[in-house]
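All chains are identified by letter, namely A, B, C and D, in their written order; residue positions are counted from 1 within each chain.
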Amino acid sequence: MRTATILVQCPDKKGIVAKVSDFLYTYQGNILEVDQHVDEEIGMFFMRASWDLDSFGLEKDLIAAAFQKEVADSLEMKFELHFNTQKPRMALFVSKLSHCLFDILSRYYSGQFDVEIPLVISNHLDLKKVVTAFRIPFYHLPIDKTNKAEVEKQQLDLLQKHKVDFVVLARYMQILSGDFIKEYPNKIINIHHSFLPAFVGAKPYHAAYERGVKIIGATAHYVTEELDAGPIIEQEVARVRHHNSPSDLVQIGQDVEKVVLSKAIKYHLERKVLAYRNKTVIFY
Amino acid sequence: MRTATILVQCPDKKGIVAKVSDFLYTYQGNILEVDQHVDEEIGMFFMRASWDLDSFGLEKDLIAAAFQKEVADSLEMKFELHFNTQKPRMALFVSKLSHCLFDILSRYYSGQFDVEIPLVISNHLDLKKVVTAFRIPFYHLPIDKTNKAEVEKQQLDLLQKHKVDFVVLARYMQILSGDFIKEYPNKIINIHHSFLPAFVGAKPYHAAYERGVKIIGATAHYVTEELDAGPIIEQEVARVRHHNSPSDLVQIGQDVEKVVLSKAIKYHLERKVLAYRNKTVIFY
Amino acid sequence: MRTATILVQCPDKKGIVAKVSDFLYTYQGNILEVDQHVDEEIGMFFMRASWDLDSFGLEKDLIAAAFQKEVADSLEMKFELHFNTQKPRMALFVSKLSHCLFDILSRYYSGQFDVEIPLVISNHLDLKKVVTAFRIPFYHLPIDKTNKAEVEKQQLDLLQKHKVDFVVLARYMQILSGDFIKEYPNKIINIHHSFLPAFVGAKPYHAAYERGVKIIGATAHYVTEELDAGPIIEQEVARVRHHNSPSDLVQIGQDVEKVVLSKAIKYHLERKVLAYRNKTVIFY
Amino acid sequence: MRTATILVQCPDKKGIVAKVSDFLYTYQGNILEVDQHVDEEIGMFFMRASWDLDSFGLEKDLIAAAFQKEVADSLEMKFELHFNTQKPRMALFVSKLSHCLFDILSRYYSGQFDVEIPLVISNHLDLKKVVTAFRIPFYHLPIDKTNKAEVEKQQLDLLQKHKVDFVVLARYMQILSGDFIKEYPNKIINIHHSFLPAFVGAKPYHAAYERGVKIIGATAHYVTEELDAGPIIEQEVARVRHHNSPSDLVQIGQDVEKVVLSKAIKYHLERKVLAYRNKTVIFY
């Protein structure tokens, strides 16, 4: 079935649900899913609706304009419209660690992720063999203090050339510049290996070990300019004990990281995430 | 704020969300929450909506009839309508174990449960002091093989006299008859001390110990005639290890039981549960 | 069965397990439990052993001196010796919130905590009725900026008079002075309503809401002079979603707090906790 | 560091810990880890100890005989002795599903599993490419009703030829015969895609969906003749909701399966598992 999904946000007022569902009903749309949320602290309304496109009485390419005119204009509404007929294109940035990459490729292989992966970019060669075994182009772009701006330019060119929709930093150990991030707002997903906001920055497992915590975690978030401070998409934790060394924490944590990152990718792919004010609404 | 909540279920077809939200919009209803679910396996539609009653253009007592006529009739829809101005009345059935009772009374005391508790019924005297310390009437109705039908009659009379809306079996160790259950369909909540459907029946912790499971659990469900087989409302688990004796499991399990039961009560109180075909839809 | 439990820590070297178990074997001690841990980062050895006292060939009162001479002296070992014949005496400090208090009293009532509670101290009267219903003396000591030192003096006098072994701050909202804390090193257990080290200090649930985390938590720790920075005994978490308001987080969090605090109390009561270098070894 | 690990079980009596640790101490063994457990229901003692072999005063090949004579004989003790110098050899049996295979190979690739994988056996060709990309021999042995005994013979021959220590059924959808199982007692690890003992047998996710459970799970266990009834090594769960279809459950469950199976493999590899009476003692 061909389906459409709309994500909307606007100031809260009466009748928004009715107006949106009326719009769909008018054109014979069969609503498959609808979710709604009001943030009462700030008076904002959020909604996600998906419907059967096959029987819809409006051409796919006319929907956005019609919705803008008939619904969005009067409600100061921002919206995104997606169709399941266009497969999202995801770029992976990796470094040396393989666990997240394997997990993502495994889901790609088995069809769990409905996505294209036109390229993988890395500052190291370690994972080249793994990537090319999946017949995905691998670009090796070594990075250091002197060439960062230039390399980011090359990366952006590759992303554009490959028509990439969003980027996943699968334990890519470099910090992206503000200029890079601006090109993909709420479209770069990072996995941080701690339960944010605890242990921001480098070596979080060692910091967790030093503090003697009983639970460690991982956090998938959209990348913003402030390090490890962007909107959180997903978090998960694992229990640790006194006998776990720092390297145990690294290993236990990797199991959490890969699951959290893959969940965040899945939410993003299924158009279930709405970002606002450094937070996310996730209609799962 | 005075609010109304409606829970509906009907065969799935196009436009149901639009029709329900139109109804509310027509009478100036400000929708506070809306959730919807379609069970595609059986083609059933479920929805929950709540709205501000203060500004609603229809008298509280006229809503049901208007909704029936304007929406439900044409859709073969069943619905329940609730108002937050009427506090639900909950009866507790207990036996000797105190942990679930304490947890419920603690939430009642602190205002976390918006409920009246007009009475507690027990077949033992052990918990009388606890109950009366909260100024709740305690009825001691001992039960044995010979007097079960008669005692159930007394219990039902008490429930009616106290205008009880729903019953919670807080580790009440007796099996209710089919006749009793029929009086409160999907309105009797039981806590079973296992992760159903594993370990149905008596002594589940001992059975779990014998089987050597690494995780134990508890299950809150609506009571139906078949033992421990009613619609599941909530489940939770706890990890156990080889060094945990059967009595450790009992103790670890009690922490799970009380949390699961209180969550189920909360979902029920907040009108978030729709039961159908021995399952539940829970819009939390 | 009368049992003894010994907790030891010393610099790691060969043969410590053998020496300790030899000591017990020499006096016909039947070891019931033994656990051991080496922190390889700092070269420290930790051990916990418990044994049957009934058949032990050494008088209870002579054990400490014998162990000191025969084992500890040559190993620079520190140890604690406990007997299950002496019930620990626990003081509770509370303020206005009832959930942790109820949870503790519920376990006290049902015999799950093998402890004496000679008194409860509070700076408010709100919980007096609850406490006295359990026939526990309640001391109301209001505290403000002007009288803190004086009130702490009164508190310490009460603790001494009641021969209190350890103190539990069950959501007691006051910060204890360094002088107070020094009297009960690693013997004051606090529950902090966040997943430390995230959200130290006041209003952690509101901070968590602002940050948009997907998981909240609670932390039980021994109190040290630095706020919320003492050795962590236990932590637990709960999942939250975008639709949870700050007051939802408070409520969801309270379920976590009470379970975490009670677990920490239980570990402490069962002599399973060894504190060192701002961390804990917990032999559960 | 070269280390030795011993796993022992025997009827419980006084002084076993002392005798074992004395044995090690006598030969200058530096104990690295020691764990012990008494099952009081059946009066059995279990222990695991590992020590530094480099400084041990007994040749590696003489340890077993010395321990038998000096310790085990007098205590009716059964024991296993392992050295970290001999890498265990693990065979994988797979069918069509790739998630567990990828997870295992990912850990093998990154060095998280200290193991040799001399071969993978499958009744289908689907995963051949994946396996051979890791340079592991892949044997395709199609199986049907008519050739089962014969194929099992071939499988056993391959296992012997490749000196396999233990077998992992990574979603291998065939039931092994009792004759096969006898060759590898407590050395065949299976992953069952339910929270055993709930939903034994085929299609557990569909059964879970039908029953309306709120939590699903997976179980790793040693294979015994009775289907899905062998000693449980590890279990884990994931929360599901009413909107999850049977195929959602399959996908959510696969994340649990792969983590549970890999944990069980890790415990087995690290010699932390002692099986007895259809249960396991796991010293993690």
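One rule holds for everything that comes next: contacts are C-beta pairs under 8 Å (C-beta built on N, C-alpha and C of every residue); 3 or more make two chains touch, one makes a residue touch a chain.
Which protein is which chain? UniProt says A, B, C, D = Formyltetrahydrofolate deformylase.
Quantities reported herein were computed from a predicted structural model and do not represent experimental measurements.
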If you tally the C-beta contacts, which comes out ahead, B-C or C-D? C-D
Quick one: which chain's Cα centre is the longest way from subunit B's? D
Euclidean distance of C-alpha centroids - subunit B vs subunit D, Å: 41
Provide the C-alpha centroid distance between subunit C and subunit D, rounded to the nearest whole angstrom. 37
Counting only residues that touch at least two other chains, what does the list for subunit B look like? none
Mind pulling up the subunit A residues that touch subunit D in the complex? 97-99, 102-103, 105-106, 109-110, 112, 130, 133, 251, 254-255, 259, 262
So in the complex, the part of subunit C that touches subunit D is made up of which residues? 14-19, 21-22, 24-25, 28-36, 38
Which subunit A residues qualify as touching subunit C in the complex? 37, 39-41, 195-199, 211-215, 217, 231-237, 241-243, 245-246, 278-282
